[in-house]
Amino acid sequence: VASRRRILVINPNSSASVTAAIDAALEPLRLPGGPDILVTRLEGGPSGIISQQDADIVAPRLANLIGRDGADAFVIACFSDPGLHGAREAAKGRPVMGIGEWGVLSALTLGERFGIVALSRASVGRQQRMVRQMGVAARYAGSCPIDASAAESTHSGMGARLIDAGRTLASERGADVVVLGCAGMASHRVAIEEAIGCPVVEPSQRAVAAAIGAVLVRSSR
Amino acid sequence: VASRRRILVINPNSSASVTAAIDAALEPLRLPGGPDILVTRLEGGPSGIISQQDADIVAPRLANLIGRDGADAFVIACFSDPGLHGAREAAKGRPVMGIGEWGVLSALTLGERFGIVALSRASVGRQQRMVRQMGVAARYAGSCPIDASAAESTHSGMGARLIDAGRTLASERGADVVVLGCAGMASHRVAIEEAIGCPVVEPSQRAVAAAIGAVLVRSSR
Amino acid sequence: VASRRRILVINPNSSASVTAAIDAALEPLRLPGGPDILVTRLEGGPSGIISQQDADIVAPRLANLIGRDGADAFVIACFSDPGLHGAREAAKGRPVMGIGEWGVLSALTLGERFGIVALSRASVGRQQRMVRQMGVAARYAGSCPIDASAAESTHSGMGARLIDAGRTLASERGADVVVLGCAGMASHRVAIEEAIGCPVVEPSQRAVAAAIGAVLVRSSR
Amino acid sequence: VASRRRILVINPNSSASVTAAIDAALEPLRLPGGPDILVTRLEGGPSGIISQQDADIVAPRLANLIGRDGADAFVIACFSDPGLHGAREAAKGRPVMGIGEWGVLSALTLGERFGIVALSRASVGRQQRMVRQMGVAARYAGSCPIDASAAESTHSGMGARLIDAGRTLASERGADVVVLGCAGMASHRVAIEEAIGCPVVEPSQRAVAAAIGAVLVRSSR
Amino acid sequence: VASRRRILVINPNSSASVTAAIDAALEPLRLPGGPDILVTRLEGGPSGIISQQDADIVAPRLANLIGRDGADAFVIACFSDPGLHGAREAAKGRPVMGIGEWGVLSALTLGERFGIVALSRASVGRQQRMVRQMGVAARYAGSCPIDASAAESTHSGMGARLIDAGRTLASERGADVVVLGCAGMASHRVAIEEAIGCPVVEPSQRAVAAAIGAVLVRSSR
Amino acid sequence: VASRRRILVINPNSSASVTAAIDAALEPLRLPGGPDILVTRLEGGPSGIISQQDADIVAPRLANLIGRDGADAFVIACFSDPGLHGAREAAKGRPVMGIGEWGVLSALTLGERFGIVALSRASVGRQQRMVRQMGVAARYAGSCPIDASAAESTHSGMGARLIDAGRTLASERGADVVVLGCAGMASHRVAIEEAIGCPVVEPSQRAVAAAIGAVLVRSSR
């Protein structure tokens, strides 16, 4: 019997609550006959990817983990997509999805100009670099920070701040679709969408859906 | 019992062989517990979407079909994405995926510059407009036409011409990932990839994978 | 005696008042020895091009009309430029001008960043796609909607709303030239220009002027 | 009786043959009831605008001439558009058209990617800067020089070299519309178009047509 | 003994106070063993480069001066970079630096989006054209004018207005680095930086530093 | 007595020959009264930065070294600019220059379109991402790899391969200025420039010159 296909979703920070939030958000994507979806956190990773240095520290560890793991596809579940291109080298042809990348790409199909709700001011510059590097800056309305930590992002009390940021992007910056700029905010998505009246993208779900597709298509060759 | 979710994949041309090729290409994406994936062709559509006028003629028909059909998500399975934005209006919030859009977006995650294998010269200008409208022209290496009809694209004899076009894109135009610019070429994908040594994207599979993800995430609200 | 050259200006909506406003705006462009300028409306067209679906519905009808008519050049007099590229195919080499296209191109010669006064919110996304497709997004300050119908646009009472929108584009969005995003607003042009202090472009006049030039140059081969 | 409107077309170089070629090219645009179209050359201008220094030398002279002349609109008939923005200041609201600008803008309506036939290598960099400054680089296939002087450009023997350059732009650089990058090449336009099979734009005619439109519209306020 | 290398810094306007302010700002860049740094003003230049016509008038004079002077490198010390490309021709391979160019390029290394403090409204359009011509518009947050003359820019009382403009760029336009858009503002740089909390670039110093580097490297061939 | 200012140039790879080549290339920039310029290699770094993973591995080490070192400015002497943005965080306001960044920025002042001579195919994608992230893709003619290691780049025998690559960029890709895409090629610069007839930029020298300027200006506050 062919062994079951497996997608490994890696939270590059060491936060248990963020890891659990990601895991819960992916539940609807687990299907009989579909690939296994495992969520793990990076051993010894920082508590959150706040600075560029945090992103740089986890990058070689992610490549290392991916190079040694036998999964069929990988998802880097941090919106900064730390180490994404090095991870692709390490994966030797197996798909590696970044949630930043897929959050943005999905947004391109739901509106004309996307805005990003950023956890902190420190991540705004990183998102600007990512958007330019992707070559999609013509569709970027900007990022709006809520000044929270990654762990806080899963709290129920975050809802109001996320809605405020989404509203700012939609009413002042001209966004007509909003991307949640962190892996752990899925539980807030529908409430924000209803409050601000435009589509809100949860990036982990989108990246994993893309990984499922890639795995299924590759399996069938 | 909740009824099963359903994705309707619409081939805007009336070709039975292209429709069958699309249907076969999507087989690996049909999972127990996942959404049903139905492939249909547009009644009375042209035999292929060759000209811009062909695309314009099917656009209102697609919107009409989508407005009347109860599916949970739709995929327009022609690389020109005819009527995509009107279809989104008609879908009233349900996801509508274009295979041109998703072929291109997926390619952005597999290389730095994508090229498109075009069926005919007449579609090159349309692809150039699509790429600019998407705002991703900075990553576009160009389109290379093979001067075939949509129906021919499914023939086994097409392989060599597709490989030639892919090779031109990779070696002369600087593409490091190639997108198949037609819905019916899935059976050639692996052979082209092996021949030219860079990733080749089959767009229908990618668009339907995205639709599956969107349906599953929406179902779980 | 050579027959007189003729430009057919087609209002894709069925509004008599908009058609009359276009016709009046073109009066100064009718010259002895110059081409005839006829203005017509599309039989059975929608009352206004509000949605993308409206634009999609008229596109094949415009191509059909143009393919059958013997005029020397055509102007599609709706700012969304519905069916412009299909119409060019149908015209078989005769010039087809879109007023959206020419309104924007003319603005590029009158300032550094153009803004568009949009009739309705629904047309803003369409204008954003048009500007990107044209490849001139680096010069676009944005669109400001006035929430009016096409028929209302010809009313004298519209002046104040148009001035407000123009002022918003100039003072808040950084536009230094404003394009009227509808075919029927010519009578307001001078008043807006004087009120906001920067050039205001009426697009139908510009597109027809370009058509005159194209016809005269072609006639002289 | 109201005095007749007048467009002054200024050839910034002192070449009599280029001036005469421009004058002849504009003949079809002279209409009873339309504005007078006068063509003049800049007293003491260089024999051709070869270098950037040539363009810089004529710029203040053009502004000076325009500031003192009572014409209703002006056309700077050199493809480098020397001094265009200073000339607009000097014109105090009267239209000033550059033939470079209008050649390029017109090309945007005739194809997806335009190429420019350049007189000399020295003008290629200037054209690249102009295209970037206009913000339309996404549609620029490049310039191909023929290594001729401005005076030579009017010779009948130039046809073959112009056709070669146009063919290079179309077949090797991906242009589907070609702009003649000099004021004096109008007599070759049709032959090049027929030889290379894609539209060829003569920029002086386009700029003057735009000036006619601007004058007529302004006259009617 | 080899003669000492020399950099000629040319203030294109005739203001003695601006020339003196530039000279003072460059003092820290004068090193034993390094090139001489001479600052001069353009004989008979305008009192300030306010309009595009001012810039156009000095352009040929700058080229003329540079062509006749034996310096090893040149810096055009006006933020509009008047005549920069013609000056490069005249310099016949010797480096010519524009302070506008180097102010902007330096800012690209200090933040993600730069804003420019402009002396006057009239210079904003010129800066927009310069930024587009350089091809860096994707990183431009905009210009904010303070409505001062070049001579005023050196006054101590200018500080508050410069800080206001810098703050507007940072807090309302999304700039995270600010460029001083005039040659004479160096004495205000540190105060603005401290007041607004993001890097502030003085362009003359940056252009001269680049010229020093270019001279030293060329000397060593 | 104030201690002497110091610039630390870090070669992120462990190659002694590359480090020595960089050190030699910087000799002309060492001036009496100017900052000390020290060149070091990263302890335990890879022998060359070939892959993205190599770049990712050195990034946190560079930030760490910079955070602990007391130099006044830093230059990361690898064309991939590994860890540049994290290094800037670690430098806490002291300037950090990347040679990739400064090679490209300097090229923008020497021509209209720059090409990059890449060491290996593996670095081309990284350069494409860097150019897009910098926001200067509109001026990028492409990269041409010579398939050499970093250590080989210093060999005298490399000259012919570098000239070939430079010539390809100039004659086939439309570059009019070429950047050496590695830290150790300075000794070949003049020969390539003379062979291909357009300016060739050595990036380490340019980055260090910029660092000198930044240090001198900061010292003088």
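Per-chain numbering from 1; labels A, B, C, D, E and F assigned in written order.
In this section, a residue touches a chain if its C-beta (ideal position, glycine included) is under 8 Å from a C-beta of that chain, and two chains touch if they have at least 3 such contacts.
Being a predicted model, the structure only gives us computed values, none of them experimental.
Asks: Give me the chains shared as neighbours by chain A and chain B.
Replies: Output, common partners of chain A and chain B: C, F.
Asks: Counting one step per pair of touching chains, how far is chain F from chain C at the shortest?
Replies: 2
Asks: Counting hops between chains that touch, how far apart are chain A and chain F?
Replies: So the least number of steps between the two chains is 1.
Asks: Select the interface copy of A-B from among C-D, D-E or A-F: the correct pair shares over half of its contact pairs, counted by residue number.
Replies: Selected from C-D, D-E or A-F as the counterpart of A-B: C-D.
Asks: Are the two sides of the chain D and chain E contact the same residues or different ones, given that same means over half of the numbers occur on both copies?
Replies: same
Asks: I'd like the Å distance between the centres of chain B and chain F, where a centre is the mean of that chain's Cα atoms.
Replies: The separation of the two C-alpha centroids amounts to 42 Å.
Asks: How many angstrom between the C-alpha centroids of chain F and chain E?
Replies: 25
Asks: Got the chain F residues that touch at least 2 other chains?
Replies: 125, 129, 132, 134-135, 137-139
Asks: By the document's touch definition, which label belongs to this structure's chain graph: line, ring, star, complete, or other?
Replies: The chain contacts form none of line, ring, star or complete graph.
Asks: Can you list the residues on chain A that touch chain E in the complex?
Replies: The touching residues are 124-125, 128-129, 132, 137, 142.
Asks: Spell out the residues on chain D that touch chain E in their complex, using ranges where they run on.
Replies: 51-53, 55-57, 59-60, 63, 83, 85-86, 88-90, 125-126, 129, 132-135, 137
Asks: Would you mind writing out the residues of chain E in touch with chain F in their complex?
Replies: Listed in rising order, the residues are 27-29, 31-34, 97-98, 101-102, 105-106, 108-109, 134-136, 138-139, 190, 202, 205-206, 208-210, 212-214, 216-217, 219-221.
Asks: Which residues of chain E touch chain A once you look at their complex with the stated criterion?
Replies: The touching residues are 111-113, 138-139, 174, 176.
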